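In what comes next, chain A is part of two complexes: it sits with chain B in the first one and with chain C in the second one.
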Partner chain A sequence: MASKIIFSLILLSLVNFSTIKTYAETITSQEIVNKMNEVINPQTAQAKAKITIITSSGKERTFIYDSFTKNRGEKNLIRYLEPKRVKGQAMLMLNNADDIWAYFPRTKRVRKLATHAKRQKWEGSDFSYEDMGSGDAFIDEYENKLLGEEKKENYDCYKIELKRKKDSDTGYSRLIMWIIKDNFCPVVMNYYDKKDTKFLKKVLIQYEIKDIDGIPTGMKMTMYNKTDNTQTTMELLEIKYNLELDDSIFSERNLRR
Partner chain B sequence: MKYRYVFYRCIKTFIIFLSLILLPLHLYASKLDIYGYFQPQLTDTSSNDDFYQLSSNKLRIDFKCEYSKSVTFGANYNFIQYSGKTQWNMLKYIPEIISNTVLANQIDSYDILYEDDIILDNAYIKLSFKSADITLGKQQISPGTGYAWNPTDVFNYKDLLDPTYEQPGHNAYRIDFPLKNKYSIVLIYTPESTLENSGKLMRIKGKLGHFDYSLIGIEKELLLTDYFTFDDTIRKRKILGGDFVGEFLGLGVWEEYAYNFIKDTDDFYESVTGIDYTFIGGTYVMCEYYRNTGGKDDYKKYDLNDWLQFITAQTKTISRNQIYASLTHPMTDLITAGTSVITSLNDGSLSLIPSFTYSLFENVDLSIFLNFNLGKKGTNYDRTLGNGGVARLQVFF
Partner chain C sequence: MRDKILKSLAGLHSAHPWKMLSFILVSTVLLGIMAIQIRHTMRWSDLLPAKDRRTIQFNKVLDEFVSATSIVVVVQGEEEKIKAFAEAVVPQIIQKIDPKDGKLFFKRIDYKQETDFIKEHGLMLIKADDLKNMKDIFKNPNLLPLLTNINTSLEKEYIQREESISTREKEDSAFMFLDGIENFIKVIQKHLSGDSVSRKDAHQSADKLLTGEEYMLSYDKQALILNVIPNFTMVNMHKVVTGTNTVQEIIDNLMKKFDGVQAGLTGMVPLQRDEMVYSEQSLGISTVIAFIAIYILLVLAFRMWIAPLFALLNLFFGVIWVIGITAILIGTLNMMTSMMGVILIGLGIDFSIHIISSFTENRSLGLSIEDSLQETFLNSGKGIITGALTTAVAFFTLIICRSRGMKELGIVSGSGLLAIMVVTFLCLPALLVLREKRLEKKIKTGKLKKITGTKDISLKILGKISSLLSKKYRLTIIVSLIVTGFLVFSALKITFDQNYMNMEPRGLDSVELQNVILEKFDLSIDYAMILADSVAESRELAKKIKELPSVASIENISLYFPSEEEQKKRIPHILEIKKSLLASTLNQSFNRTKIDKLLKELERLEMNVMEMQDMAYLDGQDKIDSKCSKITGDPDHPESINIIRKLIDFIHQHKTANISKLGIFQTYFSPYFKKTALLMCSEEIIQQKDLPDSILDRYSNKERTQFLVTAFPSMNIWQDLEFLDRFSDDLEKTSEKATGMPVIFRAIIDIVGRDGRNALILTVFMVFILLWLDFRSPVDALIAMVPLIAGLFWMLGIMKVIGMQITMLNVMGLPMIVGIGIDDGVHIMHRWKIEGKNAIYKIFASTGKAIFITSLTTMLAFGSLMFSIWRGFASLGAAMFIGVGACFLTTIIILSAIMGLVNKKSARKKQIK
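And then the complex of A and B:
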């Protein structure tokens, strides 16, 4: 599960400048969300990232992992490098995480997980897979509404509200996003409680958005948990885009490697 | 002659010297990874008015070396040291009504000793070809989709206190053939003294929708000890079975089945059916039903062999039908608490296993498992068998 979250974080940090356009005032909220969804799901990516968790008691935990993604997030593989406790653990997600396999090197076992495992927190972090809306979750699970335009984190942004659809079982009643007007990168996201639409549970902020090989990339992002008073920061240590990634990378055989 | 001897001595010394110089360089160049953990553990047991402690220190050192993408070497040594009560009599941990049938002068025969040990637990080389992976040497083998029980796993014994704990390595030759994306074949051969009594396993794995499934055939001898006479009986065993795991109506579901053909005695089958679910907030619940027709359906029929074959891991259960249910919840970002319940449906007995894990520091975990038996006398989880607990610290390096 954890790996999916990490992967999703990477996806979120990838913003495609090729989509930059000057939009007329008449742009709809659906178009903004669609555009954002496109830019946070690159065709292929390979990254090394570091997650730092600050617990409610002030303790720090760090994870480093490699990740691979293909087909705009349809295929994902994540392998933990640190800490030693989880080194070698790997997660394979196919079909936009509808199929998940976990590998545990201590037992040499590969186990298929049900999709509800996405609700588990990642190694004590403030992220769950659902937080990031990898795949088309922001489109499929929520109805959207443009609330206006605001300056946020020094960027001119669209302010968008996403409300959970009636038939959706997603873990949040609504989200508020500030999406950069120039490149459709979501710079701030507020997550509200599943039942109480006014109870703010988490806030995600992207920092250091840089242009790397023509792609704007959030090199650092932090999730602030307002309930537990904890925070989790993800930093990209290495990132490559538009690579040729063979399908064999996204196989159970490679998961065991 | 003397010169030749000196020459060979020089050559030998030179080779050893060269090896000492080159080996570390070679290992460095080929990315030798050394890691593992240190695990001090304290086990407490109270039975009637007695209270005993066994402490152990385990050091596991793993080596992994990727010579290339096609060649990987892996191994680990376990160093284990025991202190405290290292000699246990099995008869103390079975119902009195059964242990009383043993003659007084034979009681010492039922002692188990925990002795310090150094074990080459795993040592294997994996050769990866385009069409197959070949793994040769001592390696972990863990078939099956079950959590607490694995009917198709004839190699390992699971401790219900912590079913996810690592399993030992087995001497085996293994070939994995991936067939396109959806299928694979696994062949395992575990050599014994003759071809006939060696273990053989074939597993065909596939994917169907959001389900993984496999069909499995196994041939492996079954060792059963008669604990009245201490005679060992080895019987030919063949197993046909299969398993699947996937999702149905939002629940994780799995099934594992094995039909055991035993030469010169009754056949039996084992099956495990499980479901699990994760709630928003991370609370995880799972439940598994295990049926073993080799077990007994009336606790009044349990005998010395049933108990001791179970204690020594020759059989997986005493009673025929059991349920394992578990709930875990992340209390804080570093603490997870849970409770497992094992119940025998045949005799109504129950064992409660509260657990607690705490990430003390980076790479330092503390786990505590308690065990309370709550069944009536003579049943699978007889309350007079005592209660206990395990405190385990793991320091990973």
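And then the complex of A and C:
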């Protein structure tokens, strides 16, 4: 589960600049959401990242890991580097994280894990897999509406509201996003309670959006949990784009490496 | 009219001092008898309006639920020792009889799980989904298949269904399961190692796997809780004190016999005892400190020792009057009014100071005793009456408050101040007259030489400073504005400390042990409670509350008494488990093949636990991680013991010898496991009548008409006000009957906060009106109020600068400081009007000294509260100490400057004319 979320975080922070072009003022909300969906789900990426969580007894714990993604998040691999305790532990997620395998170096076993934890809070952190709109979730699960244009975090943004579709079972009643006009990167996302559309549960903010090799990338993102008054921050330490990632990377055999 | 009364009173004192003293003594004795009857309540809920629904519900829980008001014995030490301590202490406590009425103090002691009930209905208490997942464990009770099935279940339950350990409830059940496994491995190891393992040990190991730990142990097994349920309620203070003392005595004696075991008391009853006993002791100490400090100050100021002693005696009588009158008017002292004794000492001494200084001055001028007293009453008496009435009116405005705390504070402090004033007019003059008559007698007999002429006892330095400040009024005003601006800026940033624990006494066992419970048992005492009128309503509420994001877990009767519908859903799974168990045959022996298979299963178990540990570490599940470390070792500490690996190695080394030993263990373990598991397979629907009293008492009242639902917050509610609001809102939206400390404290913050603000505004307004009437000029009234307003901001600003916060108790200091702080300005303004505009030196040297002494006495009285172990009292004492000091300084500095400015303008006008 942890790995699924970490990977989604990385996906969100990798914005594919090549897809960006200038839009006329008549752009529709659907077009904005489609473009945002494209930029938060790059074709391939490789990153090294750091995340700090709060444990159930209130201690801080930091992890550093390598991650690989292919086919716009359809295939993901995460391998932990630090601390020593988790070094070599790895997660493989296929079919948009519907299938998850975990490798435990201590027992040298690969186990298939559960597949129904998308909405679950990653223990110790404020992220859930669902928060990141992996795949086409933001298109399939929500109806969108352009609320206007606003300056947010010093960026000129489109303000978009996503309302949960009637037949959807997603964990939020609605989302408000501020999407940077220049590159369609969602700089701020507000998540509202499943039942109470006025109760703001979480806020995600991307910081230090840098243009790396032509791709704008949020080097740091923080999820502010308004219910528990906690926050979790993830930082990208290294990133590479447009790599040739062989399918064998995303295999059970490689998981054991 | 007033002059006539005062003259007559002076005459009475001069003619009949002994009669006056007799009258005061008799009155004091009578009021003293009333004062003894007064009750203390240190409950936060008693600060809310009496008819507040949260207070009503809270008191209902305390009155009707014996389990809610218990003595909690917290025992710490090694697992075996604390269990032995518990077994030794229980019979001693339970048989204790109150010698006063010959009745048993205590009803019951809960320190073990309801194992009998769980054994009889165990599987009916497990959710259908969980039964489905764990049914494999029960298939076969023989060691090898049992271990195989445990492995299968572990992989399915905790690895495949990752969400199973994502909530507190599920984390706890995973912890319990792992604890059972740890014990199971240890008992097998003990048996194989040759240490004698009795049938009892094997049975206990089976029980731990099936029903969990029997004792109420902490997660680390280093602490144990015993819940002593009393036969009395919190209303019976005698039993609260003697009952708690009895238990304390027993555990103190027993600790001497159990080396390394520490035990202490907490819970509602000991807290009530401690709060009452220590608040009385603490206030007693503060009162003594205040008396001594004020006495020393007065001796230094008046350069005599007997008159200040009279002043204190007079004050002592006054305080008895105040408590007696409060007993008649209200009957109880709450958390706010209990400090009134100390506060009124600070304020009431001022009356005596004025009378002593005036009387002494008149006597030294050569006036007769009667004339001196008459002059004193006519000059100072009027000022005392006006001052007392102004302050009392300021206090009485608190009657408009909604909260009982503030309302009673207004009544007690207002009437108390007037009572001390009356005592001062009736008692102190008689004492002074008697002393003077004695001195006259001595002079007549030649034993004492007559001293005449006035002694200049003015404070010249204050006069000089004020003269300088008024001359340099521009600079003084600019500097005052800068300092005030900075302190206003700081004052606006002052924060509110919503954590009531920061106001509780420091260093008390009953308070400190609450933290131990929070840390070791992860059990917050700050929960919300809702009373349901039926079991069905309780279940319905529990279901709704469980969905609230701010709630971590809930406790209610449905844990032991699920709905019939739920129970029926469980029956097919129970029957399936029963069928498997009945079909299983018990093996008597073990062979080499079975041992090899057992070793493989042990290796599989080791891997499963390690994987659980690794997942728990990634997910921040500390309890699971720590429990796994006890089984497979801590990866960060290679020297830690892996008990499964140790067992595997041992069996490998002594394979042949262990064949028969395992067979023996199996004959102890498996039949009992099967028998117990079959007992747990009862498919009979649980009825309310089946529940034991210990469970019913925990969740229901005596009549079984009310059912308690307890909701624990998902995080520390005192960490920030926003979460306290959300948690309380969530619960109050779910049910209007929600109560408990978080809900009550949030209401107190709202109501007392609003009361404090309204009272502050009204007090300022009332004081302004009174001053307008007194000075017959709104401008003069405003000038007199400038130092007060500035003083208020200085007080808050200084508090912020030195790191203090506004608390639930010191917030009441704000309206009080208006009533107290205004006196300084009033006295200076009065003197200014009498002396004229060019007498600044004289005004501040003389009246300045008076307000300096009265401010110091008030500061000393409030300051004495800073020595209180009751942190709430200390916070008020510190705030008022700063506030009174600030008002004195602003009066001296700002009024000097304003007077300088007015003098300059008057001079200019004269020049123009």
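To be clear about the criterion, the second predicted complex is superposed on the first by the 247 of 257 C-alpha atoms of A that agree within 3 Å, B and C clash if a C-alpha of one lies under 4 Å from a C-alpha of the other, contacts with A are read in each partner's own complex, and residues count from 1 in each chain.
The rule is simple: a residue touches a chain if its C-beta (ideal position, glycine included) is under 8 Å from a C-beta of that chain, and two chains touch if they have at least 3 such contacts.
Everything numeric here is computed off the predicted structure, so don't read it as measured data.
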{"item": "Which of chain B and chain C A:Ser56 touches, first, second, both or neither", "value": "both"}
{"item": "First (chain B), second (chain C), both or neither touched by A:Arg85", "value": "both"}
{"item": "Chain B versus chain C as contact partner of A:Lys201, first or second or both or neither", "value": "second"}
{"item": "Which superposed partner A:Trp178 touches (first chain B, second chain C, both, neither)", "value": "neither"}
{"item": "Partner chain in contact with A:Thr107 - chain B first, chain C second, else both or neither", "value": "both"}
{"item": "Touched partner set for A:Asp98, first chain B, second chain C, both or neither", "value": "first"}
{"item": "Shared chain A contacts, counted only where both chain B and chain C touch the same residue", "value": "53, 55-57, 59, 61, 84-85, 104, 106-107, 109, 111-114, 116-117, 120-121, 124-125, 228, 230"}
{"item": "Chain A residues touching chain C - in the complex, by the definition given at the top", "value": "1-2, 53-57, 59, 61, 63, 80, 84-86, 89, 102, 104, 106-107, 109, 111-114, 116-117, 120-125, 193, 201, 227-230"}
{"item": "Partner chain B, residues of chain A touching it in the complex", "value": "53, 55-57, 59-62, 83-85, 87, 98-99, 104, 106-109, 111-121, 124-125, 128, 169, 171, 194, 228, 230, 247, 251-253, 257"}
{"item": "Complex contacts: residues of chain C adjacent to chain A", "value": "155, 159-163, 166, 171, 549-550, 607, 610-611, 614-615, 617-623, 635-636, 714-715, 719-720, 722-723, 726"}
{"item": "Of all residues in chain B, those that touch chain A in their complex", "value": "35, 37, 72, 133, 139-140, 142, 145, 164, 166-167, 176, 178, 181, 184, 210, 212, 245-247, 250-253, 276-282, 284, 330, 332-334, 359, 361-363, 365, 394, 396-397"}
